[in-house]
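Each structure below appears as structure tokens.
Paired with chain B in one complex and with chain C in the other, chain A is shared by the two complexes that follow.
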Partner chain A sequence: MKACFINGVASISAQATFNQSCFLEDVIVHNSKTINAIHPNYKDFINPITGRRMATGVKMGIAASKLALDSAQLACPDAIITGTGMGCIEDSEKFLNSIIENDEQYLTPTSFINSTHNTVAAQIALTLDCKGYNVSYVHGSVSFESALYDAQLLLHENEASNVLVGAVDELGNQFIQDIVISEENQSQAILTPFGEGAHFFTISSSRQDGSYCELKAIQIINIATPDSIQENLKEFLNQNRLLLSDVDVIVLGCNGDEFDCYYHNLQRLLFDTIPQIHYKHLCGEFFTASAFGFWVATNILKKQYIPNSVKLNNVEKSRYKNVLLYNQFKGRQHSFTLLTSC
Partner chain B sequence: MFQNRVAITGMGIVSSIGNTVEENLKSLLKSKNGISPIINFKTRHLHDIKVGEILKTNAQLATFLKLPKDHNYSRTALLGCIAAKQAVAKAKIKDISLHRTGLISSTSVGGMDMTERHFKKFHENKNSSKFISSHYASDSTEKIADQLGITQYITTISTACSSAANAIMLGTRLIKTGQLDRVIVGGTDALSKFTINGFKTLLILSDTDCAPFDADRKGLNLGEAAAYLILESDAIVDEGNKEVLAYVEGYGNANDAFHQTASSDNGEGAYLAMRKALDVANIQPEQIDYINVHGTATPNNDLSEGIAMKRIFGERVPDFSSTKAFTGHALAAAGAIEGVFSILALQNQVMFPNLNFQTSIPELKIIPITKVINKPLKYVLSNSFGFGGNCSTLIFSKGK
Partner chain C sequence: MDALKQELKKNIIEQLNLEDFTVEDILDDDPLFGDGLGLDSIDALELIVLLDKDYGIKLTDPIEGKIVFKSIEVLANYITENRTK
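Coming up: the complex of A and B.
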């Protein structure tokens, strides 16, 4: 596929990532079961009257998208593509509760209107008056990667020059408690807290001075075993004309549950001599947490520096060219993403 | 630039007018609608609304799929699996792993039909807690992939009522650019209290059979359905000398960027989507023989869509009809069921009626087809628009 440059990035997460000049130097250690994002002052981005009606995810999405566009000095993209695992769960819960508690009476439409999975992409389009291609992906832990893949395809088809790609998940209030309980009942449960966040990127066909890196390839795999994933990975590198030894950094979505064996195999058998990175202990686990990992990777390539807080081993390299990301959730929704310095 | 043509070699559908493609066609040709009071679950709105409901219980659907007793399939997943399996059978696919095969499904509320029954008591017993994971929008897609044996690329799209059209569009693009050889595309949505009450609060549900593009239309009937198409590359078609039901010729996606739930006065999003689809198909507006309009029968949609059509086609708007008076509006699945109807139109060289139409909308003065009409059809255009300003158009052409 044609070259895709990451020209703008933005993160709202449980770390102080919204400040573009920081890169996980001072991190917060989270010990609670759920962690909220550190929110910027939304009044800087959203009219306070409109903002009052907006759920956390929509506000995070609008602010992060604005920052990503600003960082690429882009006013309006040709397309907006988002990913979300849980969608607008705050408003979904609100509407669901009113239906159940009031036996389908005395309902107002606001929370229903804002509950659809495409709300964030729609609100960004409205804010920017962007009439171009607009799609939302909702496939669990590959929601962000699905959006990214579509963006790459759009550039390849010459259908767009600049695409805004983002991922948003908000914690919500009730459903997350059910998820926490059901996770605690697992034999080897997720050890990282559950989190939330918004990550946006501008992906462009042309490189510019401030470009972070180049997006080379994405692959989504529905089902794999801890053994077969190694073959998938080698095949993925092969398709991109790379050898295992060309990979300089591996970014892994470890969360401490029994499915970490997928990562352990790769760490031990394929990548024991290169820097290994994890990140979910910092941002928490959520369906689009891999977008935080992607944000970390883009920064490593631009800054040529790996913060201590994400290191899984003590290996360092003088130069970081190819960064490979691998994530999965409960043995499904696997993704490989390959980034290269530019 | 991309030469691969994208053929449709199979399709499957379950809707309120039939549990197979053949049954759906029969109902369409007999002008027999599937709109009635809701029976599968209790709602306070029983007497205020009519719906396009599939008259089978979840237990019957599960038995049909031979699922174990303790399964956690939502109705959305049950319907999706049945329709997708039909499509694969129709395309005569024996070993799905022989070609690079992907699955792109779509849904609006995923497993909400089960979530709303168990939400307050997920942890009372295992029979409830098993439905936590079936809530996710990805769940029905994964269950379909499991039923079909698709292990590689699968994903789910949710752009409200235009979702399935976007799934068809993405599948087409992936084959056209050589990323995949075969993609199963479509959507599934089950009726739920969540959506019924949502549309009810917006005051856009009709208390009687909906009348798309009629001056006195009162709103929509919700429906439930699932439909899937098998998209295959030229290479697979040639290699297997396969029957081609139709081709995906054009597609367009745009955002109205006007309002979260309302369409703009000038139908800008719809206009842009149709314009792009014509450009991709590389045909002129006058080459469109029939339009399966979005036509939800809400005052806002039909006026806005009609204005957009007049902007594209001028005073010579092609023959058109909305089939939503047959099936109800099946939300995320709508683009796929209407894709199936567009293909049936091309295969049988026939246009289906827009039921319940009496008077044209004064601002538009356009009249839909009101009975079954046979006519040579080469290109059929299908519109799907959704909340969030998401507008999508597909153009299908006659198969070989």
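Coming up: the complex of A and C.
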């Protein structure tokens, strides 16, 4: 079975992450309920004539994918796989509102094209003239992990050598605002703002000098209790021939809601002696926010440094070899991702 | 007629997201497709919807569409002669 090396990474988020030389040294503290991504100048990446019809999510996807490929010094991948929770929600809202306002008449094509969830992967392929495998996963908060898992299988099965994997979600104008209002009525609501972003990674079977790390394993579990997740995690490590003590950093998708008890149990009972990391206070909560956590983990392994802004405790280690990511949303769609230095 | 041409230019810029264009940039006899504004087949669909929605004109003949969408001048004349609202 071939290995999976992360050779290129890129992030567009509510922090200045598009600048590859920075790693969350100066973070923006967000106090609003929703936070937009910090957008690069898309005219540097997209022809204005082509870009005029593109949704924000498509533009974010194209710019981030270009940067991820450039950082791996790759012109065109063998496959493009994306994950998204809501797709280009802004155009979906526009299209659906237009149906209501115009009594199902006068439906324009642009917002329909953008509202299909595979439009980001498709537009990236058109931009790169990539005619290879092109798949999009829409599985709530495990959308990115599903895409990542597919990429790993392609490399393991030797069906591709270089895969572009990414995740995109937009904030939109209306639907997420309704979710914010609905969330405020919960007894223990999500405390992090709602956000958006695009994160892309070039994953290859060959290691490069500039490789970030190696993707070892991914596991997705739909339903688990705060107690059973501990056993699931031990079993996941066991399958990868690791002990709890082999994990150097745990990256957690805490968002402040009542389901953070899943994370608290792991923090307190299994990982109280290693660095614990959170990230959703920086990027916001959205279905593919875990891709931001993945971006943080890849940078920690490459740079061997944990920025203060993501630390949940003050434990430090002299070397970081194995990083474990755990995320869940509302007590469902749990995912473990294991990265190791290379 | 001049008011209609101005209205068409404004609506086309807005509907087709021609961010880099202003009403003043579009001349009445500029070709809408090809070398002029560089519109494409999806823009043609958007224009067909615009004609139906704003002026009550249903374009069904592709050959007729090719003539009607030649320029703002031609489009404005066609709308004046055929509009139902």
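Observations
In the analysis below, the second predicted complex is superposed on the first by the 341 of 342 C-alpha atoms of A that agree within 3 Å, B and C clash if a C-alpha of one lies under 4 Å from a C-alpha of the other, contacts with A are read in each partner's own complex, and residues count from 1 in each chain.
As a working rule, contacts are C-beta pairs under 8 Å (C-beta built on N, C-alpha and C of every residue); 3 or more make two chains touch, one makes a residue touch a chain.
Bear in mind that the values here come from a model prediction, so they are computed numbers and not experimental data.
Within the superposed three-chain model, A:138 lies in touch with chain B and out of touch with chain C [touch as defined at top]. In the superposition on chain A, no contact is made by A:322 with either chain B or chain C.
Of the two partner chains placed around the shared chain by superposition, chain B and chain C are both touched by A:107.
More residues of chain A are touched by B (comparison of chain B with chain C).
Of the two partner chains placed by superposition, only chain B is touched by A:182; chain C is not. By the touch criterion defined above, A:53 lies against chain C but remains apart from chain B after alignment on the C-alpha atoms of chain A. Residues 105, 107-109, 113 of chain A touch chain B in one complex and chain C in the other. Residues 1-2, 43-45, 103, 107-108, 110, 115-116, 119-120, 122-123, 129, 132, 135-138, 141-142, 145, 150-160, 166, 170, 173-174, 177, 179, 193-194, 197-198, 200-202, 253-261, 268-269, 272, 386-390 of chain B are the ones that touch chain A when the two sit in their complex.
Chain A contributes residues 1, 80, 85-87, 92, 95-97, 99-100, 103-105, 107-109, 112-119, 121-123, 125-126, 128-140, 142-143, 146, 150, 153, 156-158, 174-175, 178-179, 181-182, 219-224, 332-333 to its touches with chain B in the complex. By the touch rule above, chain C contacts chain A in their complex via residues 15-20, 38, 42, 45-46, 49, 52-53.
Looking at the complex, you find that chain A touches chain C at residues 48-49, 52-53, 102, 105-110, 113.
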